[in-house]
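Chain naming follows the written order as A, B, C and D, and within any one chain the residues start at number 1.
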Amino acid sequence: MGAHEGGPPEGLLVVGVDIGNSTTEACLAVVAPDGSITYLGTDLTRTTGVKGTPDNTEGALKAIRGALARAGRSAGQVETVLLNEATPVISGLAMETITETIITESTMIGHNPTTPGGEGLGVGTTRSIGELGEQQPGEPVVCVVPHGWDFDDVAATLNAAVAAGVDVVAAILAGDDAVLVTNRLTRPIPVVDEVSAVEKVPLGMLAAVEVAAPGRTIRTLSNSYGLATVFDLDPVQTRQVSPVARALTGNRSAVVVRTPTGDVTDRRIPVGELVLHGAGKTLRVDVDAGAEAIMEVVGRAQPLDDARGEPGTHVGGMLAQVRDTMADVMDVAGQPDVPPSEIAIRDVLAVDTFVPAEVRGGLAGEVALENAVALAAMVRTSRSRMQLVADLVSEGLGAAAEIGGVEGEMAVGGALTTPGVDRPIAVLDLGGGSTDAALLTREGECTAVHVAGAGELVTKLIDSELALGDREVAEGVKWYPLGKVESFFHLRHEDGTVEFVNEPLPPHVFARVVVLTPDGPAPVPTRHGLDHVRRVRREAKRRVFVVNALRALRQVAPGGNLRALEFVVLLGGSALDFEIPDMIADALAPHGIVCGTGNVLGTEGPRNAVASGLVRAHAALVAEEARCRSS
Amino acid sequence: MSAQPPPELTAADYPLSINRPDLLRTPSGKPITALTMDAVVSGELSATDLRITPETLQLQAQLADASGRPQLAANFRRAAEMTAIPDAEVLAMYNALRPRASTGAALEEMADRLERTYSAPVCAALVREAAEVYGRRDLLARPVADSDQ
Amino acid sequence: MTTPTTTAPERTVSLREVGPARRGTRPDEVVIALSPAFAGHFTKTIVDVPHAEVLRQLMAGIEEQGVTARLVRVLDTADLAAISHTAARLSGSGISVGVLSRGTTMIHQKDLPRLSNLELFPQSPLLDAPVFRMIGSNAAQYAKGESPQPVPTRNDQMARPRWQAKAALLHLKEFDCIEAGRGPVEVEAVFGPGTAG
Amino acid sequence: MTTTAPRPTGAAAKQSLRTELLEARPVNLDGFVEEWPEKGLVAMESEFDPAPSVRVEDGRIVELDGRSRNDFDFMDTFIANHAIDVASAEASMAIPSAQIARMLIDPGVSRGEVLAVTRGLTPAKVLDVVKLMNVVEIMQGMQKMRARRTPANQGHSTSARDNPIQVAADAAEGALRGFAELETTLGVLRYAPLVAIALQVGAQVGRGGVLTQCALEEATELELGMRGITAYAETISIYGTESVFVDGDDTPWSKSFLAAAYASRGIKMRFTSGTGSEVQMGNAEGKSMLYLEIRCILMAKGAGVQGLQNGSISCIGVPGAVPGGLRAVAAENLVASMVDLECASGNDQSFSHSAMRRTARAMPQMLPGTDFVCSGYSSVPNADNMFAGSNFDTEDFDDWNTIQRDFQVDGGLRHVREDEILAARNKAARALQAVFAHLDLPPITDDEIEAATYANSSNDYPLRDVLADLKGAQSVMDREITGLDLVKGLESAGFHDVAENLLTVLRQRVSGDLLQTSAVLTADFTPLSAINDPNDYAGPGTGYRLQGERWEQLKKLRHVTSSTNPETEVG
């Protein structure tokens, strides 16, 4: 890599150190008197403490020592350690569910059991199976079977009633017995089962039970006019039941009971206001208005000075906590307190999502996909403690340490070492908590922004939309491609290709949707198919990273015009993702932008940009001085 | 002091760490008294310094013999031989001794290797004895491994 | 609501041999394999769940999923893994459920090593009728290529003092019923009284 | 205490009120079975056990308990080749069993004199001897034959959530209360490196020199030991019949090789066996539980392993259900001691619903004293015990201490004042916090330290980020972290005393002193084993006596009314 073959390069040993939100990276190099650089090695470790605080010292020293050890150099030989000026960034996440589905008077059963029985539509009066014996022939009956009845007994009882002339047209069962019962009936009827709260089904009411053939969906009860026909409704009543029809759309089976005031409603839950200060204005928006409305208001309050949420709501709590955490980490003994006014929410990203939730008033654990808003927020302060970190590093290493440059500028400088790029160049650092952008114009001017929302928000969206309830699994879904284990000897990848294996796959992945981790397939505990999981994963990435890439680049682009950018280099952990770089590149392509994952120094991939940028900036100064001396 | 021939120990020498630290060395030849906190902090010690040496195991075998425990002493002598075998190979050899894991020839090969590569005749004898018993009790690997029926 | 007619007499079952067990060809079948003493020397599990009920619920779980159940009895071993694996290799779908007299149950698949399994329910004292139903249902779902959630296994630290010795005793008795050298036989379940009329 | 439903009461017959009351007693939730000697479902008195015999030709045992060498199974072969002293075998076997039994209880016969006889005995002869002894005689024998003079105890420190902070805090408390060894295991095995580190750090905070182990499959357990993250190993199982041994995928030779492997890395190790395991697995070959266990004990002896964990262990429900079962369990502990092995004597698994039976079960070990009275007293609540529950747990601490005081017996534990316990728990959590930070492992928060200080069970701790912890655990293995790294982390964070304690424990593996029979480390880091602390019991007034400073310690309880001022309590 260096020009000095055959002997140790001459010049001074410098280390660039980038303290990022999650990783600390070091770049070790020799800078010759003429400013030429020989790179000796890099290292990477986890950042200790919040970026920009004295706790960073430990991680910084570790990365420096790691790079020295790899290059076989000792701390005593180091001339200068160069640190980035990093502003502390803390991000937070919250989610508010903003809709709720309620069934009143046990009007409807629409939980879609996997194995209903029989086929067709049956309309009659609801009667308990225990009372069938007293039932007079003639009137059509929908039989309701409580818990504790054995399937053989149910079938025998129904057959006996039919034989006695009772017109049993359908049945509603508590247990998972529908196929078992219909297989034993002399006269086939539609049967809906697994109605866990069957004792709440109103008796003596007119009810309709519909079951479609396997692979089909119901036609009558999901159609408002079908309901009107079945229950003989007038136009006013038909209007009232239309939410019921909508709620049943797509089901293979359903029950509708006609009760005096039964209803299905989709209620909006007020979850309080978000108050945004910025651009000299104070704007308010209801969180339950949804992401689009929130982002529209955020846009009007740019640049954002601060945001607050309603106390007692998730969003309010999250915003307050992010602020408090920042205040805590900035509170260093012997240093002046940071005024609260400097600790403010500087960006908010709202994303529409949905949360599978049990329906209130449901009889069978019906689940509705309720609307929700996920919010990421970021607090940043201009007050950094990096000089303190530099002093501590200097003390710990026994070498001089200084602030060598500002993060964004250095990142751009490092990114410029990617083969094939030139000014104007923008970098996008895709991190865990925030997405950062910086632009270096042809003229050498640099601007940088941080926007809220990155990898952690993606994980949260995947976790809640797939109802995984397990962050580890959600992380796996985010990071690795999917597959379906079709036998012990083959699995189908998400692109449809089949891979055969020689060693049988482990039993716990048999027949499951899996993520293909480097350690082998790991099961995703979900009832959803591979395609659904894939869609959720890609949508989550799109809604966070593609949206944020555009948002951040617009903020640094001259005049907000993306066409003014030429090269965009992706950096950071999520730039290693197997699909995010392509998704961002696709979104930027229409603007005439070349976009790709960085390859810092031609070897480091999207890593080490800031650390090597620091070395480059330092070398430029050395070269400048050399020129001054010689002239 | 050079460690040959090993001294004749009696039960009164136990514990060696207290009564005879002069006899104890680490695999890199440091005296046990060199295992200090300062040495740890300065990075002079590596994990191998905390391993037991074959010489020390032979001393403990003497103590076991002196206190009437010949089987324990034999175990220590096998262990002394094994200090030379890398961790992974020790586990591999253990696995090879499981029932129906190795053919008679494979066990004989292992015994040879113990003798020739690691100068471990006592361990080799144990393996040969196992091979003989496994042969008699149908515990050698079968030519065609079919666990189906 | 009225209460169900729980006073129906307890169902019984006997197994009628219909010939040597054959390899199935239907991909929509699950083979249930019964141990030597199941519904013969013994009539109920370690916690007195009648074998008739174990079998009915396993079969019902399979039928409810639209899959067919076929029954075999394994005579030459009382080892659950061996019983289950034998059955898996007879099953047209490759899926089997093996059951010991004391209730211990396993779902197996033909391509797995014998000592492995898809789901194992080792704590026989904690298996009741609803669990057997779920086991049947899961086995059928595997046969259909679906991904059932594994049946939740339960644990009870105090099962040891109560059941460990009885389990050993039942195991020994089952061993006594082994007929060495006899291959698996196809059986038909003949259920006795109990169905309300 | 149990989720097991009460027995269904028969429908029809009318019962007396007293019977109803008796039916409701916890003891009736336990299971009991009749014997079936033909199948080995019998404790120790079976006509199907072989008669003792031995025949030596050309310095080789050619007949053992009625079987000639050609018919030996591998247990017979191994025992004949390695366990029995050929030179003295025929002479020892000629001594009538009753006389050997009397030697065991006769204070006038020293432990050494008994060992000179027992080293030549066959399994059937050993059985024949102990069959003559009632439980009081067995206890009397144990009092003399225990290898180490000073009795001790072992604790289990585990967490239902595998929470390392809990394990560290409970290990510190356990060490402070007196456990000389602490053992852990996992729910999620991948957590092992972090939990093993936590156990080691916590133990050295509570009392320097406590030895720790982490029960895992052989490869990982050995690796953690070799790295100095754990100090000893115990879960190396052996069985009394060839078929069950093979079912467990091992042989006496593979296990002997493994025993030497541990010693070659300077790691203390004992085997594990127990009555009931063979019949539980259906292959007792028609022999009594105790006969098969005696074969295990002699196999362990032959392998040259220094000690054995026995006392039925995880199969306690089997001997516990047959007549005379607990007498057999007491006898198996005695046999381990009378062939000169360290005995970690069970009492370590949930055994009974009845508190009275649980206590009684421990008396044959607690009263005479064994090398480790419990090979796992749960020093966490049983709900957190990942060994499926122990016979005693944290709720029983005060009862145990009171029984020690009542009988003036040393069961290895003591009452510790609340302030000392809180200080140790807090320090253990902080020390672990420092080690985690030093090793770049997922951070431990101050909230977690506060929780650890005052917690009872895993439910009292904030939830950990399991994903991050598991990644950290993997990195401990990948980065080849060793005990030395723990020492460095403790030292650099200012926990000098804890660092020194751990370094001293690590130094012990260079000396090999802990490899000798029944070795433990005292609070001043003296290795104490059967060599320098041999059991010298020779009747009343001799041997280990609970007296002096230790007795003063054990007189303390949570509440003792002061005799000088009865309005106050001493403590």
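Points worth noting:
Here is the rule we use: a residue touches a chain if its C-beta (ideal position, glycine included) is under 8 Å from a C-beta of that chain, and two chains touch if they have at least 3 such contacts.
For reference, the UniProt names are A = Diol dehydratase reactivase alpha subunit; B = Propanediol dehydratase small subunit; C = Propanediol dehydratase medium subunit; D = Propanediol dehydratase large subunit.
From a predicted model like this one, the values you see are computed outputs, not experimental measurements.
The most central chain, judged by C-alpha centres against the centre of all protein C-alpha atoms, is D.
The chain with its C-alpha centre at the largest distance from the centre of chain A is B.
Chain A and chain C, compared by their mean Cα positions, are separated by 43 Å.
Between the Cα centres of chain C and chain D there is a gap of 38 Å. Each chain gets a centre from the mean of its Cα atoms; for chain B and chain D, those two points are 25 Å apart. For the pair chain A and chain B, the distance between mean C-alpha positions equals 54 Å. Within chain C, contacts with two or more other chains are made by residues 113. Residue ranges of chain D in contact with chain C, taken from their complex: 1-4, 8, 29-33, 36, 39, 41, 276, 279-280, 282, 314-318, 320-322, 349-353, 382, 385, 388-389. Put simply, chain A touches chain C in their complex at residues 115, 128-131, 146-153, 156-157, 160, 176-180, 183, 199, 486-489, 504, 507, 510-513, 525, 527.
Put simply, chain D touches chain B in their complex at residues 73-74, 77-78, 81-83, 85, 112, 115, 218-219, 222-223, 226-228, 242, 245-246, 249-251, 253-254, 256-266, 301-306, 340, 480, 482-484, 487-488, 491-492, 496, 499-500, 503, 506-513, 515-517, 526-527, 529-532.
Within the complex formed with chain A, the residues of chain D that make contact are 437, 440, 465-467, 470. Here chain C touches chain D in the complex through residues 48, 78, 125, 156-169, 171-172, 175, going by the rule given at the top.
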